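The structure appears right after this line, and notes come after that.
Should a chain be cited, it is by its letter among A, B, C, D, E and F, assigned in written order, with residues numbered from 1 in that chain.
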């Protein structure tokens, strides 16, 4: 079982593309800062003891509370709201600030296996073992890890599906168990591995997984301000004016006919490319035509069960 | 596993029959143009950079948004509304304009396998590998592919069934995963392969598949104008008058008793052949009798769950 | 796998018993004529080109529409309404008119297999291969087949069960796929094989199967006129008078207590034999007693889900 | 696979115990006579032709209707209403009248197998083969069978479960198919085997099985008259007076608190034994005490789904 | 397969502990007497013929009704109402009165097997064979068995689960079948084996099992009188006064907040031990404190579906 | 199968960390005392007889009631309410008071196996055998065990899932059976092993497991008093004032917008660490900012089905 099977290609940060993606994420500053700080402290835990000594002259008991939590963060919210984009890019900022490499491991869909008995357990255990091995090699003698690791599990609900469901398949349940074990072992050994789970079905995740999360971040569709920022970046270089950008932001917002606005990816993967295609090959993109095209596109419908999640599922803490 | 197993016979375009079929599709000009342009740009990506240079003097950042999307297009709508006919024929127009061959690969129902563990994954991976191999052989030294490929997945909902369904079979879920992987790899390598998925159950498709779509096109039953065009073509050579054709179009439309009109295939596969059979062997087809026969035929009932799809599922973008 | 396994005994038509059965079917003249004509044209496609040449001087494009359809006919309706009786006997009329042999292949329940992985697919594919082989041997040099083949699939819903059902067994789904493939191949090669599917659960049939049907015929319980004809034939030779026959027809119709009348088989397999048994051994069947016995028999309840089918399922075309 | 496995011990009739049981069944004269006559005519089909010749001078076409039906009879109704008792005993009367042996084969629960793939099919096929072999050996040269066979399938719904149920196990469906095949082969070869299926879930039986039935008999709980007859027979020899018997019949009938009366077996297996036990060892059974005991016993609740069956399921024909 | 696997340790009665348990059961005198008498007559069937001869001068036909029933008794009711306690102890009284040994076989949960195909059937058949062998060895020459056997199946619903449930596992169904066979064979051979099934889900038991029961006894939670008796026995030797015992009985009864009182085992396994523990080690149990403790304990909630059972399920007969 | 597989690392008590955890649990004094006493009496059963002799001069019959119960305790309640923390730490107090070692065995998620037939049964049986072996080695000659054992089964509902659920997997059911057997054997041999099951789905636990519990303890979210105590301990050493702590306790309580307060772990694993992180690296934690942060955190939503549990599930006894 080689890395290709369990992970998508491992990304080494810093990396210019990740920097661009990170910068492009608008309105998520709190989440950005939190994830970066958490991961910095995983890479160099000495920073927190220094802080405690500096401000309190000794080590606060709260530091132990801090260190004992599993370094698990859940990014929850509708499709296309930037969860995965943030998860894939914040490590760049960590690398930049800590001046170490950060390796991003994205668990492959392959790790779900094909249903053979015991396979899912073996694959997930194997994936955790692999990231732990990667960390082990990098530690120097002073407790400071030579690099940080981010373990990204996208569409985590599929893997960490709630065992509450009566009809759950035995094999899946075993997979959840091995996932919990993997998280617990990283916590117990205090490894510099930030585990990020993205989901648009927070409620479908196993309670035992969720309660291990140090924080659950809620993601929403971009508001007007954020849509303007995204469109401005995406249409940079065209002759679209600021006023036209604003009109596009309005067109892609909520309206009388629908209660949901465009998602981030509706803007970047559907609207902007369609504008290009529409103009091609006759002439440049024009504001008037752009708004017309935007009107013809329907935003992605909200994920079923999303309402419930936003009602009580998330937590900023 | 030879090609016969995973694909129906590969069609080489241009081809006169496809031309006829393409021309016969009435009222779908927007979709036609969009698919043709998208595929042209896949075959020759240089056209877009030329356009950008010409109109903006340099490369717009939006071009990168454009190129980074998976070249996946979903054709959604009721049975018999022309989805498959368009998917099978628009490549002809691409071939004609780009002056290259376009090969149409239609994934066989066989690719769904027979339920053996791991089989569906293996078959789907194999199918994707095959189309990628086909492209690899055709590239010339200047980034321009020697031919275009269209990968058509009909009744895609069966293959890309939503993994949300709690009772979903493990094997099927693995199949969806390998489908997503196949799409992502084509996007990552920017291969000139337009992936077309037809479905009459858009809502049943996995959200992770749908959100990868560059566009979702909605198909509807033909309106009066379109029915007239279809009937005129199909009854060409008989003595049916224009007025009679119009009467037939009315008879095959919505009525007091039913809220749905004839589908394209109700016209071409049921009404027209029945007129022939009815006249045979005694004499020619007459308008009066044709209308009588049309009245005796009930249109195909709308697909269950179609309403939901038309309410929020489609997007023109 | 010998023929006995996949088909019930193959019937060679014409055959006096089939003639009797065919003649006994009352009030189904439209369906009879349509099926006979369709099959005649499959056996001898040249007749249609002759007709076109005669009446139009050349070949109508509509002829191609006609020939391209799958030669699939669905007979849908309540149990005991004559579907199977017609399917089993109309080939006799074809044989008589075309002066060729017609072989009736009735797919055995065995073809559904016992649930082993891949078995259903293998059995159905095998069954289709067998009828195609039978045709291949009979063609003469002028495109006229030496014999016609009718492939009858009774209780087709069980085999062509809709793949829409979420909980459908993988194995069954593979079976539907191979069934569709079988139909498509017969259409593609334009073989003189009329495929007849009988079902009392039209709605349970897979949409991909149904939309391939050249026509769907709806069957209903016999009306008063038809009941009289059936009873007259069945009680021929007894002393029951015409007036008594009419009274029996009334007794076996709808009534205040029930909204459904006797089916064809309620008349032939239950009422008539019970009259005989009731009279035996004491004396002959009498009208007064016959009506009394008829009153004591309840008609077969309509099949569940039948209502839905009659509301929108059928099509005469 | 020896007989012990597929059948309970084969009973050879006539037999005094069966005679007693048959005589003890009160109020079922119509069903008794019908079953006896039907089986007599299976054993000696010549009787019917003699009858036709005698009363009509020639063979009525209706005779063929009669002989072509599968000799299948369904006994449907609530638990404890005498279905099985009649099925097990009427053969005695046949034997007595036809002066031949009648062998009663009761299919064992074993024939349902243990769920191994293909097992149920093999077991049921084997059971049918066994009864057919038994008949084959007994025929004399004049078409008159040397003995009659009754094949009793108790709790037939479990075996002939409706294949309509979406979630039905493939293995069970195969079992139903082999059951249908068994019935059809007996009909086709016109073997002197009366097939009796008992069920308290008529609606759960497969439509294809039910429509093959020559008749469906409905069984009900005993009415007052019948309860008196049963109690009189069962308490014969005690000093219970007729008036007390009537009071017991009233006590065991419907009442203000409940809408259902005692079943036959509530009377014979619960009430009467309890009266004995209650009296033992102190003294004889007394009427006053008997009524008190009867009041303390609750009748068996009606089988779930029974209502539906009595509303439209049964047919006397 | 040794006895340890299929049965919990076999108990040989009489035994002082069983005597204590039997005596402690308050308010169940009818059930006690019935079970003891039934089992006495199984051990020595001659007693009943003696009785008949004595009181009627000859053998009543009702005796045959009595002897032909399966010796199966169902004890049904809520958890903790004394079903199992009675089932385990009444054999002591039988032993005492009949002056023979009575062996109590309690079927182990192991007999349910682990789900392997055919295992449950084999285990249950094996268990029945074992008790029958045990009886066979003990008979003397005069038809009087050397010992009685009680076969106790606790939580019988799990084993005798209704086969009505559509989704029932094939393996379980086979298990029910072998259970029915075991019961029928004991009845047919009239073995001195009383079969006792305890259940708190009478409705979940297979109808074919239930209708074989000679009697169904309903168990309820103890009323005030019974609670006093239980508490008096359990607190014997402490200084708790009769008035305090009565107060405890009130506290453990129904109340404004809840509609259900303490069960027998709430009293003996929760309340009384908790009183001891609460007093330990400081001093003796006091009435005031005992009532306080009792108030802090919630009775076991009624078993789901129990309501239904008490509405129509039970029968005293 | 070595201990690592079936148990998480065995903890030997007393141990300073457990002492800290035990002391930190606020407001659970009744449960603490009860568990400690129960386990003390398991380790040294002679204490209870001494007590009885001292206060009553002889052995109360109630002592036998006490000793006969399975030493099983169920800790039920919402996530994060301290169940597991108490289960893991109370043994320390037992060790301290009894001056013996107490070994804490926590059953691993591994014991649930991977779904192979028979595996779960084997694993659970193995786990029970292991703790029993551990006890056997430690007994001295006077009935006093050399050490106590606590067997902790966390998320017990997953293992002791109610077999009532119709669709339960056979394998799971077998696992429940072996769990019950394990509990019963410990009770029968009166081993000094306290079995603790934690669950947040009391209703999902098998009734046969629940009714064996000597006590069920209900856990709730901390009230204001308890929140203050937790926060005071966790923020010890910072400059947060008592008044600020109280304000934090208010902020983390119920509010107009939500009906549930913070759980214990919301306070210790989310709130306190987030305060640290928020302050880091700029300066110390301040009260004003702490309250702001607390407001941004949402408490864990109550577990589904919890309402039902608190309505009737728990019992203090």
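List of remarks:
Basically, contacts are C-beta pairs under 8 Å (C-beta built on N, C-alpha and C of every residue); 3 or more make two chains touch, one makes a residue touch a chain.
Keep in mind that what you see is a predicted model, and the values were worked out from it rather than measured.
Considering every other chain in turn, the ones in contact with both chain A and chain C prove to be B. Here the chain-to-chain distance from chain B to chain D, counted in touching steps, is 2. For the pair chain B and chain C, the fraction of shared interface numbers is less than half, so the two copies use mostly different residues to meet. Bringing chain D onto chain E by least-squares fit of CA atoms involves turning it by 60°, to the nearest 5. Note on chain placement: the centre of chain A and the centre of chain D lie 68 Å apart, centres being C-alpha means.
For the pair chain B and chain F, the distance between C-alpha centroids works out to 59 Å. Centroids built from CA atoms put chain B at 34 Å from chain A. Multi-chain contact residues of chain E, defined as those touching 2 or more other chains: 167, 169, 171. Following the touch contacts around the ring from chain A toward chain B yields the chain order A, B, C, D, E, F.
Considering their complex, residues 79-80, 109-110, 112-116, 155, 158, 165, 167-169, 171-172, 200-201, 233-238, 265-266, 268-277, 279-281, 283-284, 293, 296-301, 303-304 of chain C touch chain D. Chain E meets chain D in the complex at residues 34, 37-38, 41, 47-48, 51, 55-56, 58, 60-63, 65-66, 68-69, 117-118, 121, 163-164, 166-167, 169-171, 173-174, 177, 180-181, 207-208, 210-211, 214-215, 312-317.
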